[in-house]
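Data block below; observations after.
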Amino acid sequence: MRYLPLSETNRRDMLAQIGVSSVDELFRDLPKKALAAASFNLPNTMSEIEVERALGVMAAKNMNCAAAPAFLGCGNYRHHTPASLDYIIQRGEFLTAYTPYQPEIAQGTLQAIFEFQTQVALITGMEVANASMYDGATACAEAVAMACRVTKRSHALVSGRVHPHYRDVTQTQMKFLDVEVECLAPDPYAVEDLIGRITPDLACVVVQTPGFFGHLTDYTTLGEACHKAGVLLVVCVTEPVSLGLVKSPGEMGADIVVGEGQSLAGPMTFGGPGVGLFATREKFLRQMPGRLCGETTDEDGRRGWVLTLSTREQHIRREKATSNICTNSGLIALAFSVHMTLLGDAGFQRLAELNHATACQLADKLEAVKGVKLVPSAFFNEFTLALPKPAAEVVEALAKKGVLGGVPASRFYPTYPELANLLIVAATETNSADDQIKFVKALTEVLS
Amino acid sequence: MSLHFTKDHEWISVDGKVGTVGITQYAQAQLGDIVFVEVPAGGKALKAGGEAAVVESVKAASEVYSPVSGTVKEGNAALPDAPQIVNEDPQGAGWFFKIELADAGELSGLMDEAAYAKYLAELSA
Amino acid sequence: MTRPTTASGHKGLQFEQNLIFEQNTPGATAVDLPPVPVAKQRLGEVKRHTPVGLPGMSEPEVVRHYTRLSQKNYSIDSGFYPLGSCTMKHNPRLNEKMARLPGFAEIHPFQPVSTAQGAMELIDTCAHWLLELTGMSAVAMSPAAGAHGEFCGLMCIHAAHDANGQAQRKVIIVPESAHGTNPATAALCGYTVESIPANADGRVDIAVLRAKLAEHGDTVAAVMITNPNTCGLFERECIEIADAVHAAGAFFYMDGANFNAIVGRLRIADLGVDAMHINLHKTFSTPHGGGGPGAGPTVLSAKLAPFAPVPMVVKSGEGYTVEEHAGFGVAKQALGRMKGYHGQFGVFVRALSYMMSMGADGLKQASGDAVLNANYLMARLSAELTPAFAGPCMHECVFDDRFLKGTGVTTLDIAKALIDEGFHPPTIYFPLVVHGALLIEPTETESKQALDQFVTSMLSLARKAKEGRAAEFQAAPQLSPRRRLDETKAARRPILRWTPPASDKAQQAAE
């Protein structure tokens, strides 16, 4: 087997050194009953070429977004990533390193985390950010838990325009903790009265911008109302490219910003792994979950980096930790950071402009299709369309024509018949003018 | 003035109705370089044995329990910005909080200096 | 040894590298994008008016920056990484190649299921391997890492007790030697934790466990045990433990962090386990990436299976569907959703690529070699070091610091001196139940030659320590990109991000 270096001679010599006659003898503590019962109905070792063939067949059964006009979003976006990005993250010294617990020989990972934390703080307009969470949805749940710790209250209000997976994960995570997670119904039409729902027992209000249906909303007034009542404002960002063009959550008065970094980090890979972004105000630092990297000096007085404030974490605080998280999304955070570094301010803004302009062009064209109505008036690179018939059917029909034309809202809200005709459409810099024409043509045909 | 100790290595020095509470020399040495201290705010009601403050080194976090019941008069405002004071002078300038005793009788359940020294000797044996 | 100082601060191939923020060329970018088409903006009132503050760099500068940073890292590609309880094994590049097939990388979680049948098949096949290898009834694929898998398992246990009218069960019994995630996870489920000590043998004392179960009666929700445990030993009485737990009406959670020691040899279902997470980034070779991403699929017994979280891939006829909503279809009793989308799909691809490469026979050989390597190290290192427990050990061996008594050298010093020897230190001071622990996990990846080199270094360090050369140890490491870092300073005045130097700020204000 190509991954196993020991030869039979090695094994014999080593067994002799240990003083046992067989490897089985080393397993003598395992219950005999269980050893005897073990049988595995699985194939034996395969060569590289056989594995490639088998997995290649599976991969080919999927319609891939690089080979079809695809306009899919809802928290996962296809963007172009520069060639140098994948090269950098595949360097073995990044790819195959462990968590940087020995800082003297992990300065590369640590400095990259420090730069990542700074970049996340800058784009969200916050003071501090952590080294990452699993994904946006789990980061959102952690934000609610943190808001409860900070305010010592146990009631969260979640806007109906927050990504349904973020909402669901938050509800699941709070399930056994006596925290009430009050979720407003999804409504892409009416403006929610969040301010009117602020009560003195509320720990936080959770909103999203751009919203799940695409709306751009300024939550500054909401933030002010929250702060008057001692309530924290949690803002989710599922499409961080938007931050190149729109006001940051920090400017709106957010206390905690969570988000999904996948859109800037690399391929969608069916939604995982992503990278959870988590940023907050410095005054809440000690209630923050996850790893943090900080600056210090070594014995020779040279600048260096270490993991710090670890007493918040599970390996020290155990049942009193701020979270049980250990492994996070290191490599995807690195990919996110490399992309931000490649872009710089100029590239980041340009990328955002390109996305918005592409989406505006597409919206103009789709709005002209008979029976189609555009729902949000202000959006970034994603918007909702009201169709004259159920969107799920339309999407299947479009797929048959070779177009991945958006996501039906009913996939998330099967119990809301009033949302059945809504289609959520995203456009990014990867969608050419030709893709847009194909989409408009296919939709026109499907609806006629 | 009387000085008393707990098994969790807190000390309390009592003057009239007011006690000053901190952690012992032994406790600070066990923790190593202290990097963070959180002290209770004035007015907070504490129960004997209840969590009163937090003290952290790089690799350890520990609760400081109140040796007696009562109401906090003040926390040591110098500590949050200069936690090293606890290392430097744990039984002096590194005090954590002052508390108005609810029941001076509780003191009889604590160790005096000699008993605490004996307790430490047993621990290291 | 005197070393020359340089004007640049570099030392040959060891480069000093500034932060990206200190390399800023305002306006520069390493990404050339096509022109922005003319379109009427629809941003409403939320247009950004201030610059973000990201530094500008060109592509060669960026590539050089990260290349230099990478060279400051130790990695499994470059050397032996005996980090106990972390299973740092070789990460095959075939896995990376497979995860980058456009049919896997370029697919969207919400494209019609009819257009993602290959993705469903991949998840189902990966699940099939995990179920065959464990003999369990079901697997929740979505947990993102080990701790997340623990959370999944305990929530299923909570849901099952609630469904059985046993909501009063709120206690989790955990050995003192457990990973910190165990009690932290229990707390997230609203549970309280009761610890039980290890016996002199390094294992759970079943009499103590029975007494604890009796003491807490019908309030015990589950017992969580890592097996092989964090002392590198197999819990011989595992089946009896399971029986005692079940007799008490509780569930048996096995922490699967150390699954690499037993994979392909026995099925944990035959041990009486109700739930176990599997760290794909340990046992199944997916890269650790400097701290993730991982994946923690959680296998479940028949009693817990109905409560598994969504999404769930369902085989129907020739194809697959997916149940994405709790309360519907096969997910009627599901506890909800734990993670966005379909779990760590890219990690599944890599793990499956590894499992197929290894096969059932290769996995059995791998656990055999992992255990052989650990026992070989234990035998050879015992010449100078003091093993904490009698062998045989499983895939990792633990030494205490008795061999350092009176030398003035600590376990930490040994770890730092190993860095100068060119090795990544073992896990130190864990498990907590072993004084000054050195926990060494070689994995099956290491050749005998690599192990022998490590032994030579370790024995030489132990002898040096005993010779009274403590000062050399306290100064170590001397040859790494950085020497010991001041963690106290970092924690007392946390600097967690770059900020512009004061002079820049003053200038900005003046403008």
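Read from first to last, the chains carry the letters A, B and C; within each, the first residue is number 1.
Following the convention adopted for this analysis, a contact is a pair of C-beta atoms (placed from the backbone, for glycine too) under 8 Å apart; a residue touches a chain by one contact, two chains touch by 3 or more.
Bear in mind that the values here come from a model prediction, so they are computed numbers and not experimental data.
Visitor: As a test of understanding: of all chains, whose mean C-alpha position lies farthest from that of subunit C?
Guide: Relative to subunit C, the chain whose C-alpha centre sits farthest away is B.
Visitor: Taking the mean of each chain's Cα atoms, which chain ends up nearest the overall Cα mean?
Guide: C
Visitor: Centre to centre, by mean C-alpha position, how many angstrom separate subunit A and subunit B?
Guide: Computed value for the inter-centroid distance: 44 Å.
Visitor: Roughly how far is subunit A from subunit C, centre to centre by C-alpha average, rounded to an integer in Å?
Guide: 19
Visitor: As a quick test, compute the distance in whole Å between the mean CA positions of subunit B and subunit C.
Guide: Computed value for the inter-centroid distance: 38 Å.
Visitor: Got the subunit A residues that touch at least 2 other chains?
Guide: 316-317, 320
Visitor: Mind pulling the subunit C residues that touch 2 or more other chains?
Guide: 487, 491
Visitor: Touching two or more other chains, which residues of subunit B qualify?
Guide: 36, 56-58
Visitor: Could you pull out which subunit A residues touch subunit B in their complex?
Guide: Those residues of subunit A that touch subunit B are 286, 310-311, 316-317, 320.
Visitor: In the complex of these two chains, what residues of subunit B are touching subunit C?
Guide: Interface residues on the subunit B side: 33, 35-36, 56-58, 83-84.
Visitor: Along subunit C, where are the residues that touch subunit B in the complex?
Guide: 487-488, 491-492
Visitor: Please name which positions on subunit B make contact with subunit A in the complex.
Guide: Spelled out, the residues of subunit B in touch with subunit A are 36, 56-61.
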